[in-house]
Amino acid sequence: MTTENMAPLLQAIGISKTYPGGVVANDNVNIAVNAGEVHAVVGENGAGKSTLMKILFGVEQADSGELRLVGEQVRFGSPRAAINAGIGMVFQHFSLVPSFSAYENIVLGSEPRSGIRFDRRKAIEEVRALSARFRLHVDPLQPVRQLPVGQQQRVEILKALYRGGRILILDEPTAVLTPQEVTELFSAIRALVAQGRTVIFIAHKLPEVLEISSRITVMRGGKTIGEIETKDATEQKLANMMVGREVTLRVERKPYNGKVTLAVNRLSLMNELRATVCDDVSLTVRSGEIVGLAGVAGNGQAELIEAIAGLRSVAGGDIAIGGESILPLGVRARRGKGMASIPEDRISQGLALGASVAENLVATRLDDRLFARGGLLDLGEMRANAERLIERFSIRIDGPNALAATLSGGNMQKVVVARELSEQPRLLLVSQPTRGVDLGSTQFIWRILTETRNAGAAVLLSSADLSELLALSDRLMVFYRGRIVAAFRNSDELTTEMLGACMLGLSRQSPEEMRAALA
Amino acid sequence: MSEAATTRRWAVLRRETGRALGAAIIALAVAFLIILFSSKTPLQAFATLTTAPITKVRTVGLWIDDVAKLTVAGLAYSLVFQARQFALGVQGQVYVGALAASYIALSPLGQTWCAIPLGIVCAMAGGALWGFLPGIAKARLGANEIVSSLMLNYVAIELANYLIRVDLTTPNSRLLSTAPFPSTAVFPALIPNTRIDIGLIFALTSVVAVWFALYRTSWGLKLRLVGHNSRFAQYAGIKEAFIIVSAMAASGALGGLLGAMFVEGRSFGKLAVSFEGNLAFEGLLIAIVARNRPLAVPVAALFYGYLRQGAQLMSIRTDVPSEIIVIVTAVIILLVASSYSVKPRAMLAAITRSSRPARTHVEAVK
Amino acid sequence: QAADYSKEHPLKVALVVHGFLGDKSFMDSAAAGLEKAKAELPVDVKIIEAGNDPSRWQPALADATDAGYDVVIAGTFDMTGFIVDLAPQNPETKFIIFDDAPDFSKCSCSNVLAIEYQTSSAAYLAGYAAAELSKTGTLGTISGMEFPTVTNFKVGFDEGAKAARPDIKILSQVAGTFDDPAKGKEIARAQLDQGADVIFPIAGATGIGALQAVRDAHKLAVGVDSDQATIFAATDQAQANVIFTSVEKRIGRSLYIALKDTIEGQAKYGTRLLLGLPEGAVGISRNAYYEKLVPAGLRAEIDAVEQKISKGEIVPETLLK
Amino acid sequence: MIELLATVFSAAFFLTVIRTSTPLLLATLGGLIADLSGALNVALEGIMLVSCLTAVVVSVYAPWYVAVIAALLAGAFLGSVMAFFHLRLKADIVLVGFAINIFASGATVFALTLATGGDKGSSTNLISKPVPALDLSFLGMVPGVGGLLVRTLSGHSVLSWLAGLLVFVLWYFLYRTSWGLQLRSVGEHPSALEAAGVSANALRGWSLVASGALAGLAGAQLSMFNYVGFTRDMTAGRGFIALGAVLLGARHPVGALLAALLFGMFDALSVVMPGLFNWIPAELIRMIPFVVTIVALILFSYRMKLTSTTFDH
């Protein structure tokens, strides 16, 4: 087959898109995807990748430019049109109905019918056949809510395939997966390609891109910077194209030897459905150390952090700060003991988007005499505080009175970090500090976390990004099904593969090995 | 304040004012059309609607009296709406507050100087209790506040009917109302021979108090943070349950104050069954038009109170029923709540283009 | 003074209805009287519906007074207080209040005429008839709310019924509202289910619902305030067919007479009139339905009772003295 | 007490309960559809009111079934107005709902004056028709229980039977058809359906229309059966009670049926109790349906809380 002579399968020419509000997300973007290839798109946060994909899938409409399918001009006014043209998309944020079973999610919108009746039996059969054919194994009858993330993603992919997609767009599919799951995903992608499908693949992790793709389009600031054959690309070259400057991700760490600040003892937690999510978990964090929590999402590490933060009640066991149990204390009192916390989801949990940045920056300290005396706010002090933090954390905004909603994602995260680290904490809880954050800001946040540690804070860090954990942690605990199944002291020998094997329950430590690293 | 922030504030103010005025003009046009179709003397009717309230001192008094009451009602809604609680219990709070004030006025204390201050305090306490009930049910158990507060309205009305008939009416009287209050328990007039009394001062004081509480106290900031994002508030260590309950109780206290303003005001000077005439619900409109901003509430009340009075005089003097104002009200709410802009072209575009699902209140509150 | 009014220069009269027309009883009766006056006398009539909101009643009355009407009419205790306030300030205007009276000894009300109705005596007759007509020995009454002008009907009705049949059982219920016919209908149904076969609703529009239940059950009802059978005859024959009589409070008629007297300079402003059976201001309807549904013997009996009341041989219980 | 029990277990009381429950049930089903699609319909009250009037006015000139259909269409129309303002102009659904309620309270009176030539209070000038009751007296021929069957099953409004049928239809629709699947997904996670290429807004719009149509049927039952005719504000809070029933019915058609029956029963009790217990003040008895709604809501929320979240502080 001579691809050179054929028109690309899917081509976007001169696409521009300005969002209401004036953000130019795509500016004269070009991309050409050939049949049977895995075409990667890379770029920093906000480069416009997702926007371009949404245009290809008909969710958004371009202001100018055209789309061509096998050389013929097409218009996608809605996802339905794109689906009919054989395009399927798996969004950066999953679009699954949690209480529905896997097969219901897969057939949703294109259900098999007999008369007016939804033919469930046929739907289940079709889903089974499809998942066997592409080796994407899921239990069709399980509610999606109960599936691990990796399987949820398979459901998403099956959903696209069920609609007869011959072009599959995967927007950051690996962000939430373990290395083993990434490997499985990649073999599924290869199976897809072998069966004649075409894949568009977006990721921030360059090694993954280099492994799976055959060609790469690089975007920066809403523009396409260039297209490159994977065989000609290196990590450094791509990074330079993406950022336009050199980047390094290295953190210097001092040795530590602090006292135990946080002690979790035989803790059990239950979720809303009264199922045990954390079982007999014990760990300590010393002052001046970062303890990393590794685990596939849904294995209890998020719940543990919520319980320490005071957002979840405890079924058994104890949590102590400085030797004193904090179980009877509410969130505010725990914060009063020197706890700070950077939550997983900044928009839904870390910020009040409708309030100003200055207000967001004092929200956790409203009983501090610095900002409120006799119940009255000191607006001057709030403003000064905001100006100080904006300066120190180089947050890019109009001023302290700007609404948090008007900030970019990275800057929102900086506001959260700034608030939590405005005073040196004794205990810092951190979840996914750099999810969806670009290289520059990641570097900045890593440095700040390390500085906080060096200044004597005990830091408990949970992250889906294993390289982040390896870069920052002094010790690592691996969660599997609500238990700690492995504990490591960080060293150069420790690899993401070793962690990944434990995260999936494939390998276990002996009690002695674990005890050595737990203390 | 930085220059950028100042200009942005002005821009917001201009935009909101523009939207409110736009809605008012469209609503008036609707009113005119209805009058045109339904009246034999449409011009006279429309003229009465738009000018009658300012033609006599007496009618100005009626207007300003309404404004004072609408302001307090609007504030009561604004307070809970800012915490994103759709409590609609102001009507019930008005009845409970009125009952409390009446018990004071008719007791021996009613003959003394402390009748008015004590009456108001008790009315506010009663209203606060009536706001507290759905508040605690919501905060502790998640019982939907829309339904519980509405049901409590009916309960309060029946309670008032019962107490008036059995307990408060003077023996052997033919009235379903109390005896007139002693003059010590009736608000002094600010302008003689009109309904303008010190209720107006209470209303203006409430405006300042609510504004101050919301924007100058840490309780107000917590309340607004809960309203913006309740998960964040919990995470930040704000006692969300306390804020919800206290916001609903504070709003209830305003409702109670309104009850006292009704019965102790010069328009009544006694408690009678179904005295409130649905005014409490119209506070909803005031809060919506004012976008829950306390300082904008009296302005909206001034405007709406004028229309309300104009419509009443129109129904008295011409053949157009006053219900027209209710239709106009609905149109204003719809327009103000919609995210249309005053530019007709954008409006047209919004109408013809398909759009994403709007965020519903339910999602936001959950 | 009588010559002052003509079709060109009519007596200008305003009726302020605190509520709405269309209750088929109380307010409609007043309005009908004024329409009759308008047709037959040199009178110009304006009817102002002030609605259900009590805070609008005083303004409506004041506005009518301001607007220069010669006579301003309003009804019931709800409005008395307002008239007592307005009367001294507007000595040129005459006020008529019906179905209630101010305390003339305490107010300067020389321009106010109050008319009250001794309804209990008419209701006595209806109760007497109802008890005689009942097959089950059970009657039902439904009051809108409990206040004397309403309860006065019930007092007379109960006494009349007991006079006819001492063992009579009377179910009574207060609806709590004058404008919820659906509720009236449910209450009447409940009473019918409990064995009542003659129902006497004294409850405005709520009572209309009760009448409907009686119609559907083919039992008997007593109308109130106006001759309700005749009113319904025009639109709903089946409804008219079950109302064997109505206890009429002839407000329209008394207002007509009051206006006629005013024009002729005979009206006694500054006093209270308590009108009863002898004046014809109250009474029971004796129409075609009465003839049809009440046997001749019973009719004669009732006429005899009425005679005794008029002569003072029977003094029915009353709340209005 | 014996009297109360005798009343409560009488066939007449059963008929009353069905009669008072029917409008509640229809409105509750309407509220349920909207709620499942993710839009709380607080306008049930206003929509019912407008449909009450529509049914009465149309039935003056047309057969009863035409009037019922007209009421249904009026409700559907108001539902589409809500959909327009909520989905196209992005107004908050609660505010839109209240605007509709306010509009209804004024517009019905306004329209009533036009229709009756001046009456603002009630439609007694209009000769409107009732919805027929289904006469099943032939069941009397069933040996043994025939009498009981007739007393309990005969004499219900046609719409009561329809409401019962609709519970089943709605259940089938929601849980057995693909549209039902889509509808439920919209309420829970609209973007899932959007991503599957189905317009969530269109579905929400249709749900609001259906919700309005059901509330319209509720209005028809209220003004053509429970009472034949229209009076101002005759819905008297039933729309809000229905809203409570939606929440109480655990967002399921059968739950909605049970909740509506519960409220209908207390409504009926509040009618028969004064006749039996003279000493209980009428006002307190009239509070019963409202107090029951609150108490039921609180108990239900308490149970939900016990079974779901363990979150406190």
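Each chain gets a letter, A, B, C and D, in the order it is written, and its residues are counted from 1.
Here is the rule we go by: contacts are C-beta pairs under 8 Å (C-beta built on N, C-alpha and C of every residue); 3 or more make two chains touch, one makes a residue touch a chain.
Remember, predicted model here, so these are calculated numbers, not experimental data.
Trainee: Tell me the chain pair with the top count of C-beta pairs in contact.
Mentor: B-D
Trainee: Calculate how many whole Å lie between the centre of subunit A and the centre of subunit D, each centre taken as the average of the chain's C-alpha atoms.
Mentor: Chain centres of subunit A and subunit D, defined by C-alpha means, are spaced 45 Å apart.
Trainee: Just curious, how far off is subunit D from subunit B if you go by their C-alpha centres, in Å?
Mentor: 29
Trainee: Rounded to the nearest whole Å, what is the centre-to-centre distance of subunit B and subunit C, using the mean of the C-alpha atoms as each centre?
Mentor: Result: the chain centres lie 38 Å from each other.
Trainee: Two or more other chains touching the same residue: where does that happen in subunit B?
Mentor: Counting only residues that touch two or more other chains, subunit B contributes 158, 161, 165, 234, 321.
Trainee: Please set out, as single numbers or ranges, the residues of subunit D touching at least two other chains.
Mentor: 120, 199, 283, 286, 313 - these are the residues of subunit D that touch more than one other chain.
Trainee: Counting only residues that touch at least 2 other chains, which ones in subunit A make the list?
Mentor: In subunit A, 310-311, 330-331 touch at least two other chains.
Trainee: Chain pairs that touch, all of them, please.
Mentor: Listed in label order, the chain pairs in contact are A-B, A-D, B-C, B-D, C-D.
Trainee: What residues on subunit B touch subunit D, complex-wise?
Mentor: Residues in contact with subunit D: 34, 38, 86, 137, 141-144, 146-148, 150-152, 154-155, 158-159, 161-162, 165-166, 234, 281, 284-285, 288, 321, 323-327, 329-331, 333-334, 337-340, 350-351, 354-358, 360-363.
Trainee: Can you list the subunit D residues touching subunit A in their complex?
Mentor: Touch list, subunit D to subunit A: 176-178, 180-182, 184-185, 188-189, 191-199, 308-313.
Trainee: Under the stated contact criterion, what part of subunit D meets subunit B in this complex?
Mentor: 38-40, 42, 85-96, 98-100, 102-103, 105-107, 109-110, 113-114, 120, 190, 199-201, 204, 237, 240-241, 243-244, 247, 281, 283-284, 286-287, 290-291, 293-294, 297-298, 300-302, 304-305, 313
Trainee: With touch defined as at the start, can you tell me which subunit A residues reach subunit D in the complex?
Mentor: 59, 78-80, 82-83, 89, 91, 95-100, 104-105, 108-111, 113, 116-118, 159, 163, 270-274, 310-313, 315, 330-331
Trainee: Touching subunit D in the complex: which residues of subunit C?
Mentor: Against subunit D, the touching part of subunit C is residues 19-24, 49, 51, 171-176, 179-187, 189-191, 193-194, 205, 208-209, 212, 235-236.
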